[in-house]
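Notes to accompany the following structure.
Labels A, B, C and D are assigned to the chains in the order they are written; within every chain, residues are numbered from 1.
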C-alpha cells in the first residue's frame, strides 16, 4: 500500500512544509510522508482545531497516539501525497511534536488541570523565575501540607437532586464575581510573560473575576487597571513601606485608580527563608513598578522574595489599620491571619475581611495549613463569619478544593501560583485556567447534589481525617510562678 | 555430557519446531537444544499441562525457573535430541517465552490474583481502552483510598472450629448466587475483547453468579441475555436519558428480556473528570448498543466516560424512583448512595436495595471510600439492614475484602474493573477470575473459623485503624443568623 | 616508595597465592602486590581473625575499606614482598573479595544483625527456597505490619541504675533457657543447608536455647533430637493429620523421643495463599521426614506451603485438645491464638500456654499484628498471664523487639525466619544469630536501666502510637431482629 | 559578536589562569574565554565577593547559572579578553567549578542551612568519620523521629506586632549566651578537621555561645579552653570512668580549667549499637586526649562509638551525683533524661539542670523522640521548670525547631552533629553555621510576632499532630498477684 502512493517521491523540506500552515492550505507530515489535508480539515472526526494545531508540522507523534497505522494511505486520494520529509528535520520535529511550533510549549488545549500548568511552567520558565515563583519556606512543610490537608477532607455527595442548572456566581465585598475565587496577588508577573499583570487583568475582565494586584507588581498600577475593562473591579495587596509617607501617597491614589479594597499583608513583616530562591542568583536586576523594590544579589544569596522585601515596615501594628482605612477610603482585608485570636482582633478593629493565609507556605515553615485555620475558625468561632468576610488561599488547585472552603464558610478562595504559571501562555493561559477551575466547580457541585453555593455547608463534608489537628485551647498547664510570661 | 549427545547436531528452524506443538507430537527447545518430549508428556512431575503450554516453542526461560541445568541431558535417551535451534529465532523466543504463543499474553493459569489481571490488562489493552477502564476522577484519591481502607481493616480469626465444609452461597434480591459478589456494570466491554459482555454472561452462567449489565454496554441487551443460560438472572444498570421517553421504553422492555432488577445510577448526574481518559484521544467512534451513546473527541479531550454520558438526565429526583419501579415492574436498587441520610431516604422511598459506591472513584474525587460508607451505616443506622439490601463496590479485589463487607452487613459486593481486565482472555478469563475470588473467600472463611456467611459479623473484625474516619454528626456549630443556609 | 620495593617483580599466579592460606603460611595480595604476612598475623591491630579470613586471596577491597594507601609498603620489610599477582585473576578476585572463598557468601563475622542474614539468604538461597521461606499471605500486609508495629512502640529508658550485671535467663514451661526466645518451628530446613534441623539442634545445644521442631521437618524427629546434647529439651509443633491414627501414633512417640511440649498449630486449618511461593514451581519433589507431606506442583502453582499442608485436619476443635494432651502426656501450647476470646477459651480448656501468632503473616492476610494481640491481651485480660504462659512471634528481629514483648507480659518470643536464613551458614550461622540477639537484649536491658527480666514492665514502654489500634469491644450496635446471627 | 573579539586567540594555560587570582589581578575563564576582570571587581552587581571566589578559575558553570550568554562580550572592552583556555583543563574545571579550589568543597557562602553542612560532610569526610558521626542505633528510628516529630509541631503566628527589634539573648545556668543554643558535646572533632575542638572553641568565642566539651575530645581540655577567649565559659560532658579515681582527678581539675558546669551523661552506661559505625573498620587507632579512650577494631566490628566507651562506669547511680557535685564544685546537669519520673528524681537529688536527650538516637533505638519528652514534661509536670533548667537535643536544625523547644519551656537547645559537620570548614564553618541558626531564629521570631524569648509560650504552637503520642500514665491494669514485679 505504501509503495503504491508514490513510486518516486519528492523530497519536501521542513521550511516548505511550514509554509502550508493555515486552514486554507494545510499540510502535515506523518511518518515522513507529507500530505495535503486542506480539503479534509472540516471533516476530521476529532475536530478541525486539533488538526490545525499541527498544520505545517511533523505530526507523527500526536497522530500515533490516536490513529491506527495506514489510515491516511487508505483514505486519502493519491494526489494528496506531496512527498517525503527530508531526513535531518525529522528527528528534531519528533521531539518537538507535542509542543506548539510558535511557543515551544505543549498546546494550550492539552492542559486540563492547574497541575498541568505547574508542570509546563517548571520547564518553560527560566530557572530563576521558577525558583522565585515555586519556592517556599525552608523545608516546604507548610507548602506541602496546604495541599495535602485539602485532599484529606472527604466529601459525602447527596443524590437524586435536580442539578441541571448550577449557579456559582459570588459576591466578594459587595462586588460581583462569576466564581467564588479571585486572583491572589503575586509579585513580578512579567518574569513569566511580557504582558505580566496586564494579561491577568484582561483575562479577569473576560472571565468576570477579580484580580488582586501585588505591591510588587512589575507594571504600574495605572497600566494594569487600564488594560482591563472600564469599571472592572480590582483589589490591591499592600506591603506598608517603612517610609510611611510613600505608603500614604500610594493609599491615597488607590480609589481613584479603580481599586475597590486593600488587602494588607500581615504574615510577612520580614520575608520567609525560601532556599530554592536564594540558591539561584538573578542574572539581572528586577524592579517593581509600584513599590520600587529592587533586587540585587547579596552574600545570603539571590532570593528575589527576600531582596524585594527590604522596604517593608516591620513595626506595623493593629492601630495602623485605621490609618490605612482612613487614608485609602477603601474596605480593608487582612491577608495572613492564622489564629482564631487574631480573627477576633480583626473583627474588633473593624476590618472588612480576613484572608486565612500562610503566604502559600512562603513565610514561616510549619505554620499550620490554611484550610486548618479555616476549619478551626468555623468550629471555634462561628460568629466571626457574620462580622466579616473570610477568604483563604494556599494550595487550592481543584474545584473540590474551592468547594470545601466555601462549605466551611469562606466567601472566596485566592488562587496564586497557578495564575503565575498560566502566564507561560499569556492572557490565553489565564483564561484557560479560569475555565478549567469553573468547570471543575460546576461538575463538583452537580456531583455533590447542590445547585447554589448557599447550599454548601459542612454537612457535605467529612472532616474526620483532619479534625484531630485542630488546636485544643488551654491544654497546657501553667508553670507555677511564671504567669508573667506574656499570654499572646 | 553435552558433547556426547550429538557430535554434529542438525539445525532446526523455529518453524519446524513450531509444527510439533501437540500432545502427540511435542517438541521443545531448551538452551538451543531441541528435544522430542512426546513420550514424556504424561510423566512430567509438574504436570502435562504446563509442558504442553510450551509445545513447539523455545521454553528456555520457563525451564530455567524450575529446573537445574543438565536434567534433560541426564534423563532423556540420546535419540530424543533433535538438533540445535537456529540462531536468529532464539532471541525472539526468549522474550516471548512467558506468554502464550496464540494470544501474546501470559498463560491464564499463571494468573493467580485479581491484581494479576490488572497488570496484564495494563499491557495488553490499547492505550485508549486502558485509560477508559482504569482512569478515575482527578487526583485518584478516592480510587486509591477505596482499596487502601479495605486493607486497613484488620481481622481477628477464631480458632479450633470445624471448617471442613464451607458454604458461601448467597441470595441477592431473592436470587441464588454461588458467591456473595456479582459483576458490577461497566461500559463497553467489547473494547477489551470481541465477545465483550457476551463473554461475561457466559462466564456468569457457568460460575453461577449474576451479571449487572451496563446501560452503555457494547452489545444489545437481548444478545447479552441470550448468550447466557435460559432463565439466567441478570441485573440492569440504568442511566436515565434526558429524553425520558427513551428510558420509559427501555424500562418496559427489561422484565421481558430477563432482567430481574434495575440498578439506578445516582452518583453521576454528570460524569466525573477522569484525566487519564481525557488525555488519550479515541481513534474511532465508540457507540453503546443499548443507550446509543456515542463518543467523539471534543475540545476538552477524548474522555470516553464523559463523551458517552452526554445523554444522561441531570434532573433525576427522588420522586422519579416510583416511576422507574412502576414502569419496569422490577425491584429497584440505587447505585451510588454515599451518606446515611440518603440511605434513610432510600428506605422511605421503598427501594429494594442500595449500593454504597462512589463509581469506583470515577465520579467525585475525595468522596469518601466505599467501605467507610458501609462502616458508617453499620455503626450509625443498623436498622437499615432490615429494610433493604446493602451492596458495596469500589476496590474489592480479595476474598478478605469481600468477607469484610459481608461481616459489616453487606449482602453482596460488586466486582467491576477486575472483570473488564479479565476479558483480555475472554470468557475463560472471567471464569478464572471468578474461581480465584471464590477460592480466596473459601480460604479466608476457613482461616477465620467460619463456615457460613451468616457467621460473619463485626466481631471478626478490628476496625480500629479506620474508626476515627467515621463522620461525627452535628459537630459544626451553627453560624448565628444563617439558619437559612439549607441543611442538606 | 613503590618502585623501591622490587625493580623487577616476580609474577605470582592466583593458585600459588591460594596455597599460602594458613596462620603459619599467610600470603595476601593487595593492589596486585603479593605479601607474606605470616610474621605479622599476631600483630595485626584489627586482630588475627580478619586477616586470616583473607589468607591466600586478593584482599584489595577489604584492605581499602580500612587502610590508607602505602601502609604495607611503609611498614613491611622488602623481603616480604613476593611479587605481582597475575592480571587475569585480579578482576575476578576483586569482585569476590567480600565473600568467603569457600562458601561464596560474605564472611559470617561481617553479619551483625538478623536483617543481615535475611539479605544474604535472599541472594544465597535458590529462588524456590527463598520464595518458600520468605513468602507471606497475599498482599503481605500482616507480614509487614508485624514488624512495623513493633518499631512504633517506644521505650522510655530509666537512668542511673547499676546495670553492671545483667541476667536474662528464662524459664519456659519450667525448662531453663539462656534467653527469653526460642527457635520457632519452620518447615524443611534442609532446603537451606544439608544439615537442616540438625544444625539448629546443635546450635541450640551450644547456646542453651530451645528448638521447636516442625511437623514438616526435613529430618526424622529422632535424628534431630539425637544430634543435640543428651537431655536437651525440645518442643514439637503439631499439624494434626486428617487421618487421626497417624497423629495418635506420632503423639505417643514424642515424650519418649525427648520432646517436652506440644505446640498445636491452630491458625492454619488450611494454608494461607502465599503468592510468591505459588509463582515459583519446585524443580523436585520435597518431602517431610516426619509428616510425610510431599509437594508436587499442581494447576494452582508450586506453593510448597500449600502443597505440604494437604494432609492437615480441617475439623480440629477445642475438645480435641484433651485428646492431644492425654495421648502425648505432655504440656500443650496453642500456636496461633489471635483474640482475647480464644485466649480465655484456652485457659478454660486447660492448655499450658498460648502463642500469639499469625503464622508470620503467612495464613490470613490483614489479620492483626502479633504484638497488637499481646497488647490487647495485656490491656483487656491481665489475669490470663497468671493462668498460662504467653508467647508471641512474627517479625521479631531485634533485642528491643523481644524486650518489648517481655515487658508486655510474654514469657518468651519465637524466632522463625531468621533461623532459617542463618542456615545459609549451617550450625555456625545459627550460633552467630543467637549471639547477636543475646547481645542486643543485654545492651537494651542496660540502656533501659534494668538488670533482670522481672523488671521489664509496661512502665518501660510508651505504646501511645499504637494504642488506638486496640479493638474496642461491643462498639457495633446490634441489627434489630438479627440476634440469631451467631456471636463468635 | 564572538568572532570580533579576537580573530586569532592566544592559548592560556590553566596554571597561567591560576596566577591571576587576587582582587588586584583577577582573571576568569567563561566558556573557554579568559577575561581580565580586575577593573570590574568592584562594579559587579552581584558583589565583589562572589566574583573573587572564582578568581583564577574556570567559572563557566557558576556564570551560567546567573547570566545570559554574551554579556561579557557585549560589555567588556576587547582588550580585557586574554585568550582561550587550553582544552585539557577545561573539562576538569567544569566539574570542579562549584567547589573552592583550595578545599575541594563548595564555597562556604553557598551553604545556607544546617542540612547543607550535613550534605557536604557526607561527601567530604572519610567514610569512617562519616560513619562515626552520622550513625545512630540499629534501625535509626529514634534518630529519624527526633527530627520528624519536630516538624509535625505546627506554629500559629500572631500578626500586627512591632517586630523591628528582636532579642534572643539567653542565660544558661546564669551564664550569658548570645542565643538559646549551645554546642552539644561530640567526640573526636579532630577527625573532621585538624583544629577539631579548638576551632569550635574559637568560633564559640566569636559568636558568644557556649561549647560543651566531650570527655572523648581529641584535644586536651586545657588546649581547648585556652584556644578560646579569656574567661570564656565552657561546659564539660562527663563519662564516669569505671576506675573512679581517674574521674575524681578529672572533676577536681575542671573548675580551675575554666569549666562552668558538668553535664553527666546518663543515657549510655553502655554504648548503643550503631551498625554503620561497626561496619567500617578504622584504619588507625583513635585516642581521646581527655579520657584516654582508645579504639581498636575487634570481632564485633569497628564501631568507634563502642570501642571508645569501654572505660565507662556501668554502675553509676543517683547517689553518685552528690559525689560529682562535691568533687567538681560545679553545677551538675544530667544529660539523657527520658522520663518524667527521672526528671522528678533529678529535682529531688538537687541537680541544676536536665538535658532531655536520647544521645541523638545513638543509644537505644525506638526510645522516644527528644521533643516528645519535652512535651510530656511540659504537660505532666510543669512545676519542674521552676526547679531546674531544662535543655533538649536531637535533630534540632532549624530556627523554628529551636523556637518550639523554647516555647515548650526549654532554656536552651543543644546542637551536636551540625557542628561536627561544619568543621569540614574549620572555625569558619562553625561560625557560619552559628550565624545561619541565629538568622533563622530571628526571622522565625519576627514571623511569629514575638520580640523576646520570654514571649515564646505554648500558645504559639499547635501540637495536636503529636499530642496523642504522649504516654498515658497507669493505663495498664495490674496482673493479679504480680505486684512483686518491680514498679520502675
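Couple of notes before you dig in:
Definition applied: a residue touches a chain if its C-beta (ideal position, glycine included) is under 8 Å from a C-beta of that chain, and two chains touch if they have at least 3 such contacts.
None of the values given here were measured: they were computed from a predicted structure.
Considering the contact criterion stated above, no chain is in touch with chain A and with chain B alike. Judged by shared residue numbers over all numbers used at their interface, chain B and chain C contact each other through mostly different positions, with under half in common.
Look at where the CA atoms of chain B average out and do the same for chain D: the two points lie 55 Å apart.
A separation of 39 Å divides the Cα centre of chain C from that of chain D.
In chain C, the residues touching two or more other chains are 468. Here the touching chains pair up as A-B, A-D, B-C, C-D.
Those residues of chain C that touch chain D in the complex are listed here as 45-47, 49-50, 65-68, 71, 109-110, 112-113, 151, 153-164, 378-379, 382-383, 385-386, 398, 400, 409, 440, 443-444, 446-450, 454-455, 457-460, 462, 464-465, 467-468. On the chain D side of its complex with chain C, the touching residues are 127, 138-139, 141, 266-270, 272-273, 275, 278-285, 296-302, 314-318, 320-321, 334, 336-339, 341-342, 345, 363-368, 372, 468-472, 475-482, 485-488.
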